[in-house]
Structure formats: structure tokens, C-alpha cells
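Structures follow.
After this come two complexes, each holding subunit A, first together with subunit B and then together with subunit C.
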Partner chain A sequence: MARVKIQMQSVSVWYGAQPALRQVSLDVAEGAVLALIGPSGCGKSTLLRVINRLVERTPEAKIQGRIWIDGEDILRPEMDLVRLRKRVGMIFQRPISFPFSIFDNVAYGPRLHGLKDAFELRRVVELSLKQAALWDEVRGKLRRPASGLSGGQQQRLALARALAVNPQVILMDEPTSALDPGSAARIEELVVKLKGQYTVVMVTHNLQQAARVSDFTGYLQAGRLIELGETSVIFTAPRDRRTEAYLTGQID
Partner chain B sequence: MNIQEASRRRSERVWMGVVAVASGLVFTVLGFLVAVLVMGAIGFAAQHGLVHTLLGARWQPLAGRLQIGLFIVDSALVTALAMLLALPFGIAVAIFGSLVAGAWERTVLRWILTLASAVPSVAYGWWGLAVVVPGIRGLGLGAGYGLVSAGLVLALMILPTFSVLAWEAILAVPEDWHQTSLALGANDDQNIIRLVLPASMAGLQTAFLTALARAVGETMAVQMVLGGAVSHFYGLFGPGATLTTQILTDMAVLPVGSPNHGVLDFMALVLFLGVTLMTGTMGRQVRGRGRP
Partner chain C sequence: MMKSGKHLQRLASVATLAAMVTLLWVIIALCREGLMHWHWWVLWRRPRELKAGGGLGPELINTLSMVALAECLSLPLGLATAIWLGEAKLPRRVREGLDGFFISFQSIPAIVVGLVAFEVLVGYFHWPLSVATGTLALTVLNVPQVVVFSRQAMAAVPDAWREGSLALGATALETVWRMVLPASLFALVDQLGLSFARLAGESALLIFTAGLNVGPHWGWFQPGETLAVHLWQVRTEGLMPDRAALAAETGIVLLAITALAIFGSKVWSLRLKAYQSGPGGGGP
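Up next is the complex of A and B:
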């Protein structure tokens, strides 16, 4: 078993008086892909956003519990959020490109962290675009507005932008649900390719997708982590009746 | 076709008619306005010469000396001063209101700005007379009536409008852009400077142009603190007269039908064309550069 990258212990989140996540404990192995599935409003997105502490942007959000990344307690008050978010990248459901050029989109993160050298920036941008399998489609067009790209290309651009700050963990919040099947398949391929090099936590509504790309799958319901295990086991022989009910389409 | 649909179609036709008449009326009135100005202005320019009128600074309407160069310069200076002052404060207020303030502060600030933008300009002029003019005089910078005083009063007057429009422009940046930026490790300042301001640039420039147009055309608040020097430039702290204030001043001296009334048409046309050209060219640049 590989080293533990992310460890959560009794993590709970409330939005005001409304509990969103209750006492979730889990480990994610380094280099693994963890898929989070469950009905709408079950807390998947909250679980994702607590790992980079983006959940704190929501007014009245309250977090309890402990989370370690590489053994470092990231929920402690004096934790440097900039350093945390450099290590933990995120891709959202809607493909998001800033209203800048393709180049400036990818260079956004490195520039935030003080990279100014034009040659080095170019190298990082090219490398990130290659990693996100977008380079061949945009080479020579880096100065064009990113909004001219298709939805699937923009999602790969978002991945390139996240990779450009050289994270170790990548959070994905339903990264393919706004894409056509072909573009979705390309993102899935990329996730499989990133496996090993990055630790990926991915929320998905698409069970087949979870089965195809993930090593581990966690099932959430009403803010609780009902079951977590190897994907092959969860999908073929879930231990909990609720997981089985969800997988067979009885809950949604 | 049933009865319901027939009545729906009839009411649609009625509404189309109302809209057509209303927009026709707007164009007619606007066309009439421009036509009156152009006719008066052409008649005047033919008599006095375009260059002579625009570039000179002698203004004695009863003696027939009608050169408006100084008014153009003063209009430009007062407006530039006002915009220069209002721009940084307005952006700051907009950023605070839209991104920094809590719900309670936001509501109060918004209420104050809405109220302040509804205050009639004569009240701003009055404030200028009561506060700005004595203040400048107290600093030993002349009589207090002058271009800087007018710029200050004007800046305060357009600040609420500009702030509210800039606020809206900043709010138009979608929440998930903020989240994307923050998730990449941007701190709040970086998020504002590198994402929010560039991303809302088109809206900010629209806000700027709207405020600019209002500033150029403002008459009353400016007139009350400007001092009214018509034939000599006395410096930034000295008195002056703008196109708008001088039209107001000499309306009584050169009434409609009097021989040199055309110069007022000419000044109004210069003002009209100036604002149109300025907002037009800047607006085009915005659209060229803005959100692709």
C-alpha cells in the first residue's frame, strides 16, 4: 500500500446551522484516484472544497475535525492558504477560462507565485498544455482569447492552468458533466494518465466514469461517508445496503 | 385560431404600435434638436469663422467678440480634474462595496450612494460654496472660486454614480472565476488586481464614460463655484468659465432672435460633438479590447 497523502479525521462542516458533512474520516493513498459518488446534496462538493479550504468562502461555514496532507495539519488556523492551494489544484464543473489569452490563462498561477521570467513562463505554459493534451491544438495560437476554445478544450485548459502551479493533489468537481461524451472521454483519459504522478479526488455523478477511472470509491449520503473501498469491490460487492441501493438506482 | 390567441395577437400589435410611435418620437425630437443647433451654428460660423471662434479667447458678447477657446479649455480641465479625483475613490468604493464589505455595511453603503446620486446638482454647488470655496481660500490659494473648486465639487457629484456602476461591473465577475483564482493560490489582493479588475474592465470603462458624460455636461454645480472669468486664463486655482456655464450666463444676453444668438448654438454643438466623439471612440476601444 502506498503512502497516505490525505488523511481526514472526523471532519464535519456546517453552513450556519445546516450540517453538510458529518464526521467524515478517510485516507487517500498517494498517486491514487478517489471517486466520490452519492445523491445530489450529499456533501461531495463540500468534502472536496474542505481539502483546499475553499469552503471557507461560503458565509457562515464552520469546519471541525482534522485534515493532514503529507502529515501537515492543514485546518490549523495559522496554515498558509496560498501554500496549501499551490499544492492542491482544482477543476470545476463548468469549464472556466478567464477572459484573457490562452497563454495568460495558463500563466495565471505561476505569475501569482512570482514567476516573471518570460522564457521560464513559456516553458511552464508549454509543459502544462502538453500534460493536459491541449498543446497540439493551440500551439501558435497562444495569444488568442481562451473563450474561442470549445467547452472540452476549455476544460483541458483549466487542467493545464491547475497543473502549471505544480500541485500534488488535484480536486475535480464533476469535471465532465458539462461536456459532450467525446470531450468527457478525453478528460477521463487524462485522469488515468495523471494517476501515479498526482493524487486525484474527483466528484462525479457518472457511475461508469467512477468505475472506469478511479482506484477507490467513496459513497456519501446526507453528509456521511457510508462506505469507502477499492472501486472494483464497491461496484461489485458493496457491504452497505445503502450503497447498493444507490448503485442500483434506487436512490437519487 | 381561438379567441384567446386572437386577443393575444391584437394586444401584441397594439404594443408594437406603442413602441414604434415612442421610438419614432425620440428620433424626431433628437433630430429636431440637432437640426436647430446645426443651423444656428452654421449661420454663426459662416459669419465669424470657425478657426477664429474656436482658437481665440476674447469674449465680449455685446461688442460682438465671440471666441470660445477658453471655455473649451476650461471645460476640459474641470472635467479632467473631476475624473482624476473620482476615479481612484470610485474604484475603491466599488471594490469595498462589492467584495470586502459585510452584508450590513454593503446595504448601508448602497443606500448612501443611491441617495447621493439623487441629490440635485444645485445642492452640490451649495456645498461647494459653503465648504470648498472657503477651504481653498483658507489655504491661501486665491479667492476660492476657480477650476479646482469646480473639479472638486464635480468629483463629489459624479462619485456616487460612478461607484454604483463600477460596483455592478465588478459584481458581474462570476463567483466561479473568483474560486478558480483563489484555488490557484491567489490572495485577496492578487485576486482583485489580476482577475477582477481586468475581467470587469469593459464595465468599468462604461461606468467611467457615463460619469464623464455627466461631468462634461454639468452646469449648475460648476457655475456656482467657478467664478466666471471669460477672457483670460488665471491658472488652475483662478476663476474660469466652461461651455455649459457660459451658455447659462449669456442666455439672457443673447436671447433667441438676437443677432449673435448663434454662438450659443455653436457652443452647444461643440459640447454635443465633444461628448459624442469622446464616448464613441473610447467606447469602441473598450469593445475591441473587452471580453472576447
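Up next is the complex of A and C:
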């Protein structure tokens, strides 16, 4: 078993009086891909957003419990959010391209963190675009507006942008649900390629996708982590009745 | 239901047409009158009180410099206020209250703002009726407008962009600086042109803050009559024999400034926007 990268202990989140996550505890091994599945509104996205503490943007959000990344308690009040989010990148459900050029999109993070040297910036942008398998399509067009790219290209651009700050963990919130099957397949390939180098936590509605790309799968229902285990085990022999009901389409 | 909707639409089109025809008629009449008597030298000659052949040179310079200065003062102030209102963590009630305050402040008559500026600057600080006094009055008039349009421009920036920026490790302030402002720049530029035009046409509050005459040269504490004020003054109490023509010419110059400000900012704004949405017509 590899080293533990992310460790959550009894994490609960409320939006006002509304509980979104209840007493979730889990470990994610370094370099593994963890897929989170479950019905809509089960708390999957909240679970992602608590790892980079983006959940705190929601008014009246309240967090309880502990989360460690590499043994560092990231929920403590004096935690530096800039440093946390540099280590933990995020890809959203709708491909977000910032209203700038392709180059400036990818360079947004590095510039933010103080990289000014034009040569070095260019190197980072090129490397990130290559990692996100977008380089061949956009080389020579880096000064064009990113909004001219297709949805699938924009999602890979978002990945390149996240990779450009050199994170260790990547959170993906249904990264392919807004994409056509072809573009979705490319993102899946990328996730498989990133495995080992990055720790990935991925929320998905697509069970086949979870089965294809993840090492571990967690099933959430009504804010509770019902079951978490190796993907092959969860999909073939779930221990919990509720997981089985969801996998066989009895809960939606 | 369908039918009444159609009627309403027809009525609205007629009203729109009527408004446009009236406006165009005013503009065309003014241009005819002004261009018939047009002399280029009005742009640089000094005004004459009793004889024909006076110009608008100092008024033109006063208008441009006072409005530009007022924008330079009110823009940072209003923008900073709008940023604070929009991006700081304020209780909802406070934010809504302040927004309401600035929105209602917009509808305070300019002349009342002028009166207050007069009481404070001229009455209390004993400033003369001058360029400086007029500029400050224009600034006070303009700040709430800037706050309101900047708020609207920044509120139109999708929250997903802010979130994307924060997720990359930007602080709230960095997100404003690197994401929200650049993304709303085209809307701000557009509004800046309108605001410039509005201030250039302002007359009521300048009558008793900047004055009705011009000094021998431009200066902070020189009298600072502007084109709009000059227009009013020429037409109501002007003694020069060519006052009708001069008024029309002043109108033309004012109209040209307004048109240039609006058109120029629109072009600039559209260029910025084109860059945002891209040649393909946009994102998802």
C-alpha cells in the first residue's frame, strides 16, 4: 500500500442548518485515482470542495472534522489557502476558460505565484499543454482567445491550467459530464495517464467511467460515505446493500 | 393573450420610432443651424461679449480638462467602492443598503449637488468660482454613477471565473485585479464614454461652481465656464449680435464631443469584448 496522501477524519459540512456531509472518514493513497459516486445531492461535490476549502465561499458553510494532506492539517484556521490551493488543483464540471488568450489562461496560475520570466513561463505553458494533450492542437495559436476552443479542448485547457502550478492533488468535479463522448474519452485517457504522478479525486455520474479510470471508488448517499474500496471490488461485490442498489440502478 | 401581446409590441415599436424621429429631428435641426454658420475659428478664438466673431476656445479647453479631471478623480474612487461592495465579505443587508444608497444618489438633481458643492467649497472654504470648484462638483456628481455602473459590470463577470481563479490559489484581491477587472474592462470602458458625455453636457451645477466667464488663461482658480454653460449663457443673456449662430455652433461642438466620447469608447469596448468572446462566437 502506497503512502497516504489525503486523510479525512469525521468531516461534516453544513450549509446553514442543512447537513451536506456527515462524518466522512477516508484515506486516499498517493498517486491513486479515487472516484466518488452517488445520487445527485449526496455530497460528492461538497466532499471535493472541502479538500481545497472552496466550500467556505458558500455563505453560512460550516466545516467540522480534520483533513490532512501529507500529514498537514489543512482545516486549521491559520492554514495558508494560497499554498493549499497551489498543491490542490481543481477541474470543474463546466469547462471554464478565462476570458484571455490560451497562453494567458495557462500562465494565470504561474504568474499568480510570482513567475515573471517570459522564457520560463513559455516553457511551463508548453509543458502543461503537452501534459494535457492539447499542445498539438493549439501550438502557434497561443495568442488566440481561449473561448474559441471547443468544449472538450477547453476542459483540457482547464487541466493544463491546473497542472501549470504543479499541484500534487487534482480534484475533478464531473469533468466530462458537459462533453461529447469523444472529448470525454480523451479526458479519461488523461486521468489514466496522470495516475501515479498525481493523486486524483474525481466525482462522476458515469459509473462506467469510474470503473474504467479509478483505483478506488467511494459511494456516498445523503452525505454519508456508505462504502469505499478497490474499484474492482465495489463494482463486482459491494458489501453494502445500498451500494448494490445504486449500482444496479435502483436508486437515482 | 397572443393578440394583446402583438398590440403591445406594435405600440412599443411606434413609440420607439416616434422617440427616434424626435431625437433625430433635434439633432438635424441643430446641425443645419450650426453648420450654416460654421467657422472653424470658433474652436480656438476667445469669446467676445459685445461684438460678433467671438469663439469658444477657452470653453472647449475647460470642458475637456474639467471632465477629464473629474473622471480621473471619480473613476478610482467609484471603482474602489464598487470592488469593496462586490467582493468584500459584507452582510447582505449592508451591501443591499449601500447599493440602494448609490442608486438613489444618482437621481439627486445635479443642481442640488452643485448647491452643496457651492456651500462647502465657495461658502466655507472661500474657493472662487473656478475650474477647481467645478471639477470637484462634477466629481461628486459622478462618483455614484461610477459606483453603480462598475457594480453592474463586475456583477456580470461569471462567478465560475472567480472560483476558477481562487482554485488556482489567487487571493480575493488578486482575483479582482487579475480576473474581475480585466473581464469587466469592456463594460467599464463603454460606460466611461457615456459618463464622459454626460459630464460634458452638465450645466446646472457648473453655473454656480465654475462660473459664467473665462479667465485670461487656463488655471485651477481661473473662472471655468464650459461649453454647455456657455451655450445657455449665450442664448439667454448674450449681447453679441451673432448669438444665434454662436449658440448653434456651441451646440455642434458639444454634440461632437459627446458623439466622439460615446463612439470612441464603444469601438474600444467592442475590440476588448471581441477578444473575450473570440472569433468562434464564444464559449460553452
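The criterion applied here is as follows: the second predicted complex is superposed on the first by the 252 of 252 C-alpha atoms of A that agree within 3 Å, B and C clash if a C-alpha of one lies under 4 Å from a C-alpha of the other, contacts with A are read in each partner's own complex, and residues count from 1 in each chain.
Keep in mind that, in the parts below, a residue touches a chain if its C-beta (ideal position, glycine included) is under 8 Å from a C-beta of that chain, and two chains touch if they have at least 3 such contacts.
Here the structure is a predicted model, which means the values were calculated and not measured.
Just from the overlay, do subunit B and subunit C fit on subunit A, or is there a clash?
Result for subunit B and subunit C: clash.
Check the residue A:154 against both partner chains and state whether it touches subunit B (first), subunit C (second), both, or neither.
A:154: touches subunit C, not subunit B.
Kindly classify A:135 by the partners it touches after superposition: subunit B alone (first), subunit C alone (second), both, or neither?
In the superposed model, A:135 contacts neither subunit B nor subunit C.
Name the contact category of A:86: first (subunit B only), second (subunit C only), both, or neither.
In the superposed model, A:86 contacts both subunit B and subunit C.
Is A:178 in contact with subunit B, with subunit C, with both, or with neither (first, second, both, neither)?
second
Go through the superposed model and pick first if A:68 touches only subunit B, second if only subunit C, both, or neither.
Neither partner.
Based on the superposed arrangement, let me know which partner A:14 touches: subunit B (first), subunit C (second), both, or neither?
Neither: A:14 stays clear of subunit B and subunit C.
Looking at the overlay, does A:96 come into contact with subunit B only (first), subunit C only (second), both, or neither?
Both partners, subunit B and subunit C.
For subunit A, which residues belong to both interfaces, subunit B and subunit C?
52, 54, 57, 81-83, 85-86, 89-90, 92, 94, 96, 98-100, 108-109, 111-113, 145, 147-148, 158, 161-162, 165
Give the list of subunit A residues in touch with subunit C in this complex.
52, 54, 57, 81-86, 89-90, 92, 94-100, 108-109, 111-113, 144-148, 151, 154, 158, 161-162, 165, 178
Report the residues of subunit B in contact with subunit A in the complex, numbered from low to high.
By the definition above, subunit B touches subunit A via 103, 176-187, 190, 194-195, 198-199, 290-292.
Where on subunit A is subunit B touching in the complex?
52, 54, 57, 59, 81-83, 85-86, 88-90, 92, 94, 96, 98-100, 108-109, 111-113, 145, 147-148, 158, 161-162, 165
Would you mind writing out the residues of subunit C in touch with subunit A in their complex?
160-161, 163-171, 174, 178-179, 182-183, 275-280, 282-284
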